[in-house]
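Paired with subunit B in one complex and with subunit C in the other, subunit A is shared by the two complexes that follow.
And now, the complex of A and B:
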């Protein structure tokens, strides 16, 4: 059985009837990470929010999204809350604004663990410390006491990954997981994802416009443009043997950019 | 945090000096001579010698700055001089009227908080639905209707038609209900709108999305939204509380409530300068102190405010 099966999902504005996501289907298989790529505004995040029923009011989703045989779009509020808590963790983009600014990161983290894993505060603290250390945070107890504005984007991103990992979900959806990060933090975060994938067997969905990251992490890839599916298949196939104009354009742009960057770097090193 | 409070406390000292100076100077700018007024209200013909004697008695013959310093130093000790009308110490007059006003202010305050918080939470939970629209409609009317009219309507309905509550005065504990409700209504509209709009706005913040995405309960999320929406409401409360205590002339007059508002109006009509001066000064101090408290509470709630100091 597929881990997650999305069938003909469409999302539209209930007032204007404007379609934002148009009839997209895909399936997530165990241990095969999926990358969703496309330019900004192509509806990548919106589609995920639609599946998890996290859309802003005034948006409506049609179609079906089966998790363990049950349609998430039709289940009760309580049931979807349970899925978000234990089975499908989402890490939203922009870590700097992802935590309540009035409370410490530790309190929010422990609150989540107590609630989702039904454990005591003491256990939640131990797990928090352990998970933070595993995502490469050295002074974990310090970090727990900090308010969100006192931590960097990379730190907060890792806190979110630690929270997701602590609940041991079946699926982790990471929305633009590397955009807000510098190159070194980026590679740390990617390593953490790879470790979770191999050690815990977590299946990931990555939403990104960074093709390099997707190529590194995802086995399957889904290309989106203007709310529509452009191409869907194995990462190697899509990136190297694509017949689709838009996908080729995306890949070529990426290659051009890397080339000019590499050229610049070479010139720099020659000058030096 | 301690630094912040100390710094803010120090910053109000020059403010208070400025306010006291203004309160003093305003009275001195009026055209009538206080000495003459003092004589007139006691029904003594203001002959030239009588005025001169009175000026000396009141210390008005001394230079302006000296008078100001004398007034400020004795004011700090709680001595605002004697009323022109009945020659009682001003501080006693105020102390007599204050409990009634404080009672009215406290009851209104409780009504304001309970009603606006619950109404705005209901509005946020059911945003855009019937109940939200209904509450907002009522709030709109509440804001548009003048306080004295609502006061009279309430009085007509509850006291005259239903004969449930006393119309005026301070005869029993139920007397406070009508004036307090009248007073509270004007504020409730403001606070429901303020809180509801803040909360609805915060609902679409990223941290709320993330809280939902990690499976937090609706009630926990609502608590966070509420706490985040408080900042501007607390600043506004810092202005509303002293306004409530300063007494509302209209409500106190309609309901014959023997509070500070009525005292000040009487003093103004009678040219009772020492009372007016004391009233202006004390209320200004109250405003400054309440604003300071509001800022401190905000800083306690929001760690980002503490950082800037």
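And now, the complex of A and C:
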């Protein structure tokens, strides 16, 4: 059975009747990560928000999104809340602004866990420490006591991942997980995702405009442009043998960007 | 062109504390960029790259050490050569006045650089040069896309035909296809204009595309300076770590 099946989802503005997402279908299989790529403004984040019913008021979604055979777009508010708490976690785009600046990271982590998993504060603290260590934070008890501004972007991003992973969800959705980070932190965070994928067997959906990140992390890829699905298939197929003009354009620009770097690196392997 | 000699810079610790202390940001930084060369300054966030760029731009003063432009003290040089140094920042939204139209934004630095009679370039030709459609001349910043607004900032930067250009993470907040376009534009400007450039970045892939030499900055110290063509042979541990961290896209 498919883990998540999205059928003909469309999102539109109820006042202006403008379509933002137009008729997109895809399916998520167990242990096969999905990457969603496209330029900024192509509707990548909007679609995910639509599926999780996190849209701004005034937006409406039609179509269907089946999780364990139930349509998430039609279920009660309480049921969708339960899915968001235990089955599908989301890591928001900007780790810096996703935390409340007035509370410690630990308090916010524990609050989330208590609320979502219905556990005591003590248990929540245990789980927080454990999860922080899992994502590669060494002094976890120190980090819990810190305020968001005292931690770097990469640390906050890892705290976010820890919160998302703590409820052992079936799916974690990461929205532009590496965009705000610098090169070294980026590769650390990617390694963390890979570890979670193999250790916990979580299936991920990655939203990114960086094809390199998607290529490393996702088995399937969905290319979007202006709210429409352009191409959908295995990562290797889409990136290497695409027949679609737009996908080719994305791949070409990415290659163009790195051509000189790759050339320099190839010379090294020739020397060696 | 630019010569930085054993520059130190530290900031005082903020907050209420009995232990007054200073946090060193730059620690004995020395390097030079030859005229016509494009140099990249690469490092993690917090390594002091932005502080160094602020010192070069004269927005802050170094605690000790000297910054020389063509052999003269940077402050003196800037007074003598108004408008000859330009900058493009990472955050294009805050670097354009939201109440100005595109043509005014481009025109502004041109006007304030004043007294420089050698400038005959009009806003239109600048817009053409950076690949902007002329019909957006009368638009406001919020009506433009990120890539367009960054092009406006580049047009403004080159409007005074500068000889020295600082690009502070100028492409980092754009998405990949737009990054490629802007880099292509910069590449073209590099060929057309007689420019010396300090390019600050954290992504080695974009740097390799444009620059002749790469300076690695880690924890306020320069760990290695290397010509781009020998990048693969970088010796220092930090440079190697950065090279390994690059997310490659394989074809």
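Here, the second predicted complex is superposed on the first by the 260 of 272 C-alpha atoms of A that agree within 3 Å, B and C clash if a C-alpha of one lies under 4 Å from a C-alpha of the other, contacts with A are read in each partner's own complex, and residues count from 1 in each chain.
Just so it is clear, contacts are C-beta pairs under 8 Å (C-beta built on N, C-alpha and C of every residue); 3 or more make two chains touch, one makes a residue touch a chain.
Keep in mind the model is a prediction, meaning the values are calculated, not measured.
Peer 1: Putting subunit B and subunit C on the same copy of subunit A, do they fit or clash?
Peer 2: They fit: once the shared chain is superposed, the two partners occupy separate space.
Peer 1: Once the structures are superposed on A, label A:255 by its partner contacts, choosing first (subunit B), second (subunit C), both or neither.
Peer 2: In the superposition, A:255 touches subunit C alone.
Peer 1: Which of the two partners, first being subunit B and second being subunit C, lies in contact with A:71: first, second, both, or neither?
Peer 2: Neither partner.
Peer 1: In the overlaid three-chain picture, which partner chain does A:139 touch, first (subunit B) or second (subunit C), both, or neither?
Peer 2: So A:139 meets neither subunit B nor subunit C here.
Peer 1: Applying the document's definition of touch, where does A:39 land relative to subunit B and subunit C: first, second, both, or neither?
Peer 2: After superposing on A, A:39 lies in contact with subunit C but is clear of subunit B.
Peer 1: With the two complexes superposed on chain A, say which partner A:264 touches: subunit B (first), subunit C (second), both, or neither.
Peer 2: In the superposition, A:264 contacts subunit C only.
Peer 1: Going by the contact rule set out at the top, does A:240 touch subunit B (first), subunit C (second), both, or neither?
Peer 2: So A:240 only meets subunit C here.
Peer 1: Between subunit B (first) and subunit C (second), which does A:183 come into contact with in this model arrangement: first, second, both, or neither?
Peer 2: In the superposition, A:183 contacts subunit C only.
Peer 1: Taking the superposition as given, does A:153 touch the first partner, subunit B, the second, subunit C, both, or neither?
Peer 2: So A:153 only meets subunit C here.
Peer 1: Considering the aligned complexes, could you tell me the closest Cα pair distance between subunit B and subunit C in angstrom?
Peer 2: Nearest C-alpha pair, subunit B versus subunit C: 5 Å apart.
Peer 1: Could you give the residue numbers on subunit A that contact subunit B in one complex and subunit C in the other?
Peer 2: No residue sits in both footprints.
Peer 1: Hey, which residues of subunit B end up touching subunit A in the complex?
Peer 2: Per the stated touch rule, the residues are 127-128, 204-207, 209-217, 220, 224, 227-228, 301-304, 307.
Peer 1: Can you tell me which positions in subunit A touch subunit B when the two form their complex?
Peer 2: Of all residues in subunit A, those touching subunit B are 49, 52, 54, 56-57, 81-86, 89-92, 94, 97-103, 111-112, 115-116, 147, 149-150, 160, 163-164, 167.
Peer 1: Could you please specify the touching residues of subunit C with respect to subunit A in the complex?
Peer 2: 44-46, 145-146, 175-181, 183-184, 202-206, 208-209, 228-229, 231-233, 241-251
Peer 1: Please output the residues of subunit A touching subunit C within their complex, sorted ascending.
Peer 2: My answer: residues 39-41, 152-153, 178, 182-187, 190, 209-213, 215-216, 239-240, 249-251, 253-262, 264-265, 267-268, 271.
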